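Each of the next two complexes has chain A plus one more chain, namely chain B in the first and chain C in the second.
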Partner chain A sequence: MIKSADVVIIGGGISGVAIAYNLAKKGVRNVAVIEKGYLASGSTGRCGAGIRQQWGTEMNCRIAKFACELFENANEELEYEGDIEFKQGGYLMISSTEKEHEQFKKNVELQNSLGIPSRLLSLEEAKEIVPFLNTDGLVSATFCQKDGHLNPFHTTDAFARAAERLGVKIYKFTEVTSIITENNRIKGVRTTKGDISTNVIVNAAGGYSQQIGKMVGIDLPIYSERHQILVTEAIDQVLEPMVMSFSLNLYCQQVPHGGLLMGRGDEGEPRDLRITSGWHFLEEMTKTITNVLPPLKNARMIRQWAGLYNITPDRQPILGPVDEVEGFYLAVGFSGHGFMFGPATGVLIAECILGEDTTLPIDMLHLNRFKKGELIFEPSVV
Partner chain B sequence: MSDNNIICRCSDLTKEDIRRLIEEGYTTFDEIKRVSRAGMGPCQGRTCMPLILREISIITGKPISEIMPGTYRPPVKAITLGQIAEACTEGGNEHD
Partner chain C sequence: MRIDKHPILEFKKGKKVKFTFDGKVYEGYEGETIAAALHAAGVKVLTHSHEKKRPRGFYCAIGNCGQCVMEVNGVSNVRTCIERLKEGMVIKTQKGKGSIL
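Let's turn to the complex of A and B:
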């Protein structure tokens, strides 16, 4: 293990490797990524593999749009030998209450004002996109063709390999045990494989971001919560877009390989770090999906798993430095959309660490917004 | 066993494919699974996992007992979404 680094990144998910790649691309090559498992072993590799720009706050829309543009060129930019499997089959968001329909109208207006090509659809128009959609009880829909799917493992792999080619060191199966500070400045990190002295640490630990925060005495206003997913065996392509509903609490997309991947949240989840599979999820998921997309009742489920959402009070990430400890940066609290923001997170945090003007005004996502009470609540999260 | 023998029947991966991945640095079953889809098909790794663990052992020199196996996830056998939904609706508390 190297003895010192310009920057140490904690977490080998999409955020961590994308930040490392962008730092190296800008010439900061003495960078170490510390990952306690293997790459994408946490929330990145457990996510629903969807990316969308249909958000309800300006910041989330802008980050998502920026990330989508980066995904469109990622295979080429990262010179990846494999394929990140980017498919822009769109997201069809369905509303089932008048209130949600009103929110959709506001969302589309906001999205269009930011250059996101989403549109409000009648139920008849929604059925043209997904002919077997059961519209009973639905009110309206929105659609954005540019939304879609990526393979999280290959995308993380692509960033990691590109970063390593530029000199970044990635330490898998290595756990951070403590962070060394002196006069409220970052001095180094202790790991199970040795110590690295550094003046800059990035907390990109996903579901475990609170634990890393506590290592420097910062109590992040975040909690982690299990979200579950199931996948069916691969079948012929029948479903082009992601179908998503906030009020019905579901999302479902057929990945390019052919499996139908679906998930939902659960109001009753305890706020802890468990990622075991539960029966209750299966019950609610299958009842809901066979109602909304009835032919899926014949699809055979082969696997279920779970991962952690790392949730902030306003469902927007916390990005940037902290006031309390010099050299400590946050890329945390993505509230279930860290994978889809990943490439943008990489650029923004790298710019922030280097003291450059950031491509987007991420000072709005600074940790101190919670103290100041400047919250803009994201209404559109499953 | 020849190099083009199939190791993962669901995802159509040969011994050569698996050995190349191990040599590229994916030295746990979970990593190989995620990068190649080995063990993600209908059999859920019941055929390929022992074979892949053995290949990892041969190449890395570690005994199989020291190599982390993949996680076994529900269900044990593929089941349609309709069957689950129906059992939950009609069968009451059968699973309690």
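Let's turn to the complex of A and C:
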């Protein structure tokens, strides 16, 4: 293990490797990424593999759009030998209440004003996109063709390999045990494989971000909640877009391999970092999805798993430095959409660390917004 | 070879029945699985791998591996190693990953 680094990034998910790559690309190559498992073993590799720009707050829309544009050229930019499997089959969001329909109208207006090509659809138009959609009880839909699917493992691998080619060191199966500070300044990190002295640490620890925050005495206003997913056997292509509903609490897409991947949230999910699987999810998920997409009852489920949403009070990430500890940066609290924001996070945090003007104004995502009470709530989260 | 012992299924050899496989008429016994009847009739290739289209034969025989899935009476992805044979079944080699529509 190297003895010192310009920047140490904690977390080998999409955020960590994307930040490392962007730092190296800008010439900061003495960078270490510390990952306690294998790359993408946390929330990144456990996510629903969806990419959308149809958000309800300006910042989430802008970050998502920026990320999406980066994904479009990622295979080439990262000189990846594999394929990140970016498939822009769109997201079909369905509403089932008048209130949600009204929210959809506001969302589309906001999205269009920011250059996101989403549109409000009637149920007839929605059925043209998904002919077997059961529209009973639905009100309307929105659709954005540029949203879609992306493979979390390949994408993380692409960023990691590109970063390593530029000199970044990635330490897998290495856990951070403590952070060394002196007069409220970052001085180094202790890990299970040795110590690294550094003046800059990035907390990109996903579901474990609060634990890392506590190592420097910062209590992040975040909790990690279990979210579950199931996948069916591979079948012939039947579903082009991701189908998503907030009020019905579901999302479902067919990944390029052919499996139908679906998930939902649950208020009763544990918030104790548990990622075991539960029966309740299985029953609720299958019941809900076969009502909305009836032919799915003919697909056989093969597997389920769980991961952590790292949730902030306003469902927007916390990006940037902290006031209390010099050299400590946050890329945390993505509230279930850290993977799809990944490449944007990489650019923005790298710019922020280097003191450059950031491509998007991230000051409103600073940790101190919770103290000031300047919250803009994201309404569109499953 | 006809399978008469199975780790999770009981094989009660019933009466002789006729079924078709890819348009050809075969005979088997009621109560045995479709895959067992095909195996006894000398059919060794049950599916093909999705990517490279390589032939796949009888493997787990307990409904886990998916190497025996076929179209049975118009339904895709039927695991023939655990599905009982019945008189007049129309069984076809499955093309692709199977339709759910």
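Everything that follows uses one rule, which is that the second predicted complex is superposed on the first by the 382 of 382 C-alpha atoms of A that agree within 3 Å, B and C clash if a C-alpha of one lies under 4 Å from a C-alpha of the other, contacts with A are read in each partner's own complex, and residues count from 1 in each chain.
By definition in this document, a residue touches a chain if its C-beta (ideal position, glycine included) is under 8 Å from a C-beta of that chain, and two chains touch if they have at least 3 such contacts.
It should be emphasised that the depicted structure is a prediction, and the values quoted were computed from it without experimental measurement.
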item	value
Contacts of A:L296 with chain B and chain C, given as first, second, both or neither	both
First, second, both or neither for A:W279, with chain B first and chain C second	first
Contacts of A:I349 with chain B and chain C, given as first, second, both or neither	neither
Touching partner for A:A49 - first (chain B), second (chain C), both, neither	neither
Chain B versus chain C as contact partner of A:F132, first or second or both or neither	second
Partner, of chain C and chain B, that touches more residues belonging to chain A	B
First, second, both or neither for A:G258, with chain B first and chain C second	second
First (chain B), second (chain C), both or neither touched by A:Q304	first
First (chain B), second (chain C), both or neither touched by A:D236	second
Intersection of chain A interface sets (partners chain B, chain C)	233-234, 296, 298-300
Complex contact set, residues of chain A against chain C	132, 233-236, 238, 258, 295-296, 298-300
Chain C to chain A touching residues, read off their complex	50, 66, 75-77, 96-101
Interfacial residue positions of chain A with respect to chain B in the complex	38-41, 45, 82, 153-154, 157, 232-234, 257, 277, 279, 282-283, 286-287, 289-290, 296-305
Touching residues (chain side chain B, partner chain A) in the complex	28, 30-31, 34-35, 37, 40-42, 44, 71, 73-75, 78-82, 84-85, 88-89, 95
